[in-house]
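The same subunit A turns up in both complexes below, where it pairs with subunit B and then with subunit C.
Showing the complex of A and B:
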């Protein structure tokens, strides 16, 4: 009995000292917490609060309870904007991930061994370049490239004998696709860079062993590269999907949501209500819903990633 | 509702005397320490910009004790963030402001603008601002047309057809005076393999063309209903439907280029200026640009055939409620309204509301003459239908997106539904 007490007493002391030593570190979190409160916490709180009011941005807001949210769920444009966001997830997340894996494997397995480091760096830098150009500049450039009469794309298409090239951004059926093509071009650099780095991490012995056992390139890619890259793949999908759901600048610059509402996305719809129609409460409600969806997605993806991490 | 230029011109002499007298009084009255005066506008490269700059130079000379800070804004800046700017601590002392319910109206409702009625009495602006002009600055509960004076219009503007005289002559087309003649002219160009109209389906030109066609069928009562909510507006009625259907028909007939819904305004205007298209439906703000760039052929203007035309008194000069120099601001507005600067506006090809008619008759600049001639024809036989985006906040974006869609898929019913629903959902 007494031994037990002694042990527990020692244990307590040990715990306390550990707690004390940890407590001294808490001070270091204060700048971070202050910054979080100022930049994220307070605006978030204000945004959620505003979403329960009818307000045009000045004067006195009027409390209307859940009305903005009720209206939101009956608003066809709101749902349409999410449907478009889903299409942009394909363009910014899924397609660049698949292409990034293929290009990454090609660079790692062919360009690097057969052409040397110089070419590898050149190819990677070329693919990465769109990532360092501001999105505003890219959007304006592509607006010009996609211009139906004077744009580079249609000039080239006409010169090879296609007399009725697409009216890229001016047609409600091709506008989302046109922006998507641009987004794929932008995103590939990001996915390739991360995947090529990840491939460098894979133990070459795995590939060598598989080769000796007679596995071809595709089999090695599928069984070894893909499974070994699981952490990179999940982080790439998470970050790009979040970026896709909150996409704004290309839509604002290239189409303004049009033709009709064919390129409306949630962030643009929120902005439009907030600033243009001056329904600030409604715009805040959209932003709040968007925030909740992004948070759920992020938590789900982190959980998934952690589980994967344990398996590996 | 008519923009009565004659009446405005008649009172010019009295107003100018009053203006000179009051200016003299106020310039002698200052002895305060160095003050700052913040003034904004977004006119750039127009007759208004030049005139106002000249007025500001004179203003600075008259007030050596005042530090004048001018900032050039953009129309879109004030359209999108106007009220936020006015309610912030950096609100200017005087600014050009967008007219209509969605902008000046909503700002007046939020008590962000100064009621100018006392200044109007002091400077006798009522003699310059005839009722048909003044109403653009008057708002009651945010609705334009009557009530307190929150802004002062000082020029006019309208949208009409620019046409390529050389191409009209080459293909034997006469200037149309009826809608049937206009359609016949379009068909003739089309038959000769020339797509007739330079249009931007992705920019404001489609918004103006659509409303131009609405206005050609509309009565002044319809405009009052649409702009000031006097009575409900039927978006499937003869005015709105005529416009949507005509645009769709013209689009199907190939009167615009095939990819028109992807074209922006700069491209469409440049295409007209290059001589590619014989027609462009554009506003008076393009006059100076046209004069500078459409030099390889002769061009003219004619009013859109029909009842009313798109146009109004120009944008307003307002004194924000937070202005710290309201008296100075009113003094500047008074200068802009004076005969001296109204005459200068006429000389530069602008549309003054209070110039001296004798002076205007001596103006020789061909573009100024043309603009004024077409304007008189509009005022004489028809009237001005204002602009379509004024009634409700965000309507410009909706009309543009719906217009682009209409050119993209020719769905008249969808256009009517989109624009009608948005109007209904956002009207007060």
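Showing the complex of A and C:
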């Protein structure tokens, strides 16, 4: 068989298979798209629709136009819930990012090269542990740690001479702070893991050259590590901010939104309207606002990742 | 040998003792940093340690010596009581069923869509991906009430299977994204060669792509497993009966019901922690590597 024949035969097959396959690949998206429509698309549509109705969940819904949204706009609890969400963004996103960068650099630059892989694994595993424990379990654990009389926090505080330690979750001034401390404890494992992995990606020659030029650790951290980790930092801030805006379980389990409305967050506020006061239309409006905010963040994330490396 | 950087720099320049592990020479500052980091790790483990210590202590011991003291002797009654009161084995089984099947179906759906997007490069793939990315980010609050109604209409309300369906789909939105990125960088020479030889998409899927991305799919499945295990809101709304509850749901809703005294509270927390820690120890490498899957390519 001559070469020419083979090539033309191959060329023919190639053309045919290209034409066929483009179309036939569409079949593979059918399960995913059908499932998406039934479980996500349709419920989302229903939720947005319900937000224009007054409904208690079982009777006949009554169309009221934008009234739920107008009410929301004038509802102090709604704005307060977003203010608390902002505090939780600080606790889940900003603080863990800063601490994660610092701890990560200490682990990568000191523990790993001076003390070896065993210790590195121990440190990383200890910090990562809260990441895999169910949030409900963490919530009851911290409820117990923070209990005013028998809790671990106040036992420690009393033993160092503070005689009336705070009633952490029972006081409207300290409740958000208490949950925030817990969130920092949970979240560090995620940021450290991402950043340490990112540091492995940085070309060691950069650090080498800088230290030959007499840069100390702090200078190298600031100039080299931080700038090289820019993609990781952006992605970590975005993903953790999304998670913080979605917070529900700790509030529902630890404080039930209280004392008063001092720990209300948007997710809890909508749940409360759905299932406690049965103002389903109003709850749907809150959920819709939340959805819009998160979708904007999702699109930002998608854009960012596409720019950085996703090449399809 | 530990990490690439260590082996790259450590060996060439800075390590005078080439023998074991290529460690750098420790000075005062490195010891100080080390002590700080170890201290931080211990502080991080401290809450878990407290759960353990107080779960195995008598209520009287707790009353007299407080939460910080070690138990005078080991006492397992609180753990046993909570275990039987909430029927913990049943909760473990429910959680396992839901997590296992979501991992299976979620990864399967993700793989099929990702195959069309990453390998087939279908038109409109960016639109589909963007849609899925949004789907994964929408708050569950905006799905939960319609899902509550839908599940009653299709008679799946109060069944663990409704969770399998819902979470398989929600997670597959994320899984599709992840796997599409991985498959998008699949070596084109292999695919071209297969196409030239006239392989159909189905053969490419089974015989070429699947064997190569199996480890990634396994990592994705491991993640789905943990995520479902930890879910709260949707189980809370859709599972009314005690008998159908998952581990994390039952711990969330029974807090206070069986756990009036501090030692039982610690026991409840400990029982919730143990399955996850065991799972983590088994899949440690997969889990801590997989965290970075979604971050930066």
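Rule of thumb we're sticking to: the second predicted complex is superposed on the first by the 279 of 312 C-alpha atoms of A that agree within 3 Å, B and C clash if a C-alpha of one lies under 4 Å from a C-alpha of the other, contacts with A are read in each partner's own complex, and residues count from 1 in each chain.
As a convention for this text, contacts are C-beta pairs under 8 Å (C-beta built on N, C-alpha and C of every residue); 3 or more make two chains touch, one makes a residue touch a chain.
Treat the numbers as computed from the prediction; the structure is a model and nothing was measured.
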{"item": "Contacts of A:275 with subunit B and subunit C, given as first, second, both or neither", "value": "both"}
{"item": "A:257 touches, of subunit B and subunit C: first, second, both or neither?", "value": "first"}
{"item": "Touching partner for A:147 - first (subunit B), second (subunit C), both, neither", "value": "both"}
{"item": "Subunit A residues touched - subunit C or subunit B, whichever exceeds", "value": "C"}
{"item": "Contacts of A:167 with subunit B and subunit C, given as first, second, both or neither", "value": "first"}
{"item": "First, second, both or neither for A:287, with subunit B first and subunit C second", "value": "second"}
{"item": "Touched partner set for A:56, first subunit B, second subunit C, both or neither", "value": "first"}
{"item": "Shared subunit A surface residues [contacts with subunit B and with subunit C]", "value": "57, 147, 150, 275"}
{"item": "Complex contacts: residues of subunit A adjacent to subunit B", "value": "56-59, 146-150, 154, 164, 167-172, 255-262, 272, 275-278"}
{"item": "Subunit A partner contacts - residues on subunit B that touch it in the complex", "value": "80-81, 83-84, 87, 106, 110-112, 201-202, 257-264, 267, 392-394, 397, 400-402, 404-405, 407-409, 414, 418, 426"}
{"item": "Touch list for subunit A against partner subunit C, complex", "value": "10, 13-14, 17-18, 21-22, 24-29, 31-33, 35-36, 38-40, 42-44, 46-47, 50, 57, 103, 106-107, 110-117, 119-120, 122-137, 139-145, 147, 150-152, 155-156, 159, 185, 188, 190, 193-194, 197-198, 200, 204, 208, 231-232, 235-236, 239, 242, 245-246, 248-249, 252-253, 266-267, 270-271, 274-275, 280, 283-284, 286-288, 290-291, 294-295, 297-299, 301-302, 305-306, 308-312"}
{"item": "Sites on subunit C touched by subunit A in the complex", "value": "2-6, 8-10, 13, 21, 23-26, 30, 33-34, 36-38, 40-42, 44-45, 47-48, 50-51, 62, 66-68, 109-110, 112-113, 115-123, 125-126, 128-147, 149-150, 165-166, 168-170, 172-173, 176, 180-181, 184-185, 195-201, 205, 226, 229-230, 232-233, 237, 247-249, 251-252, 255, 259, 262, 265-266, 268-269, 272-273, 276-277, 279-280, 284, 287-289, 291-292, 294-297"}
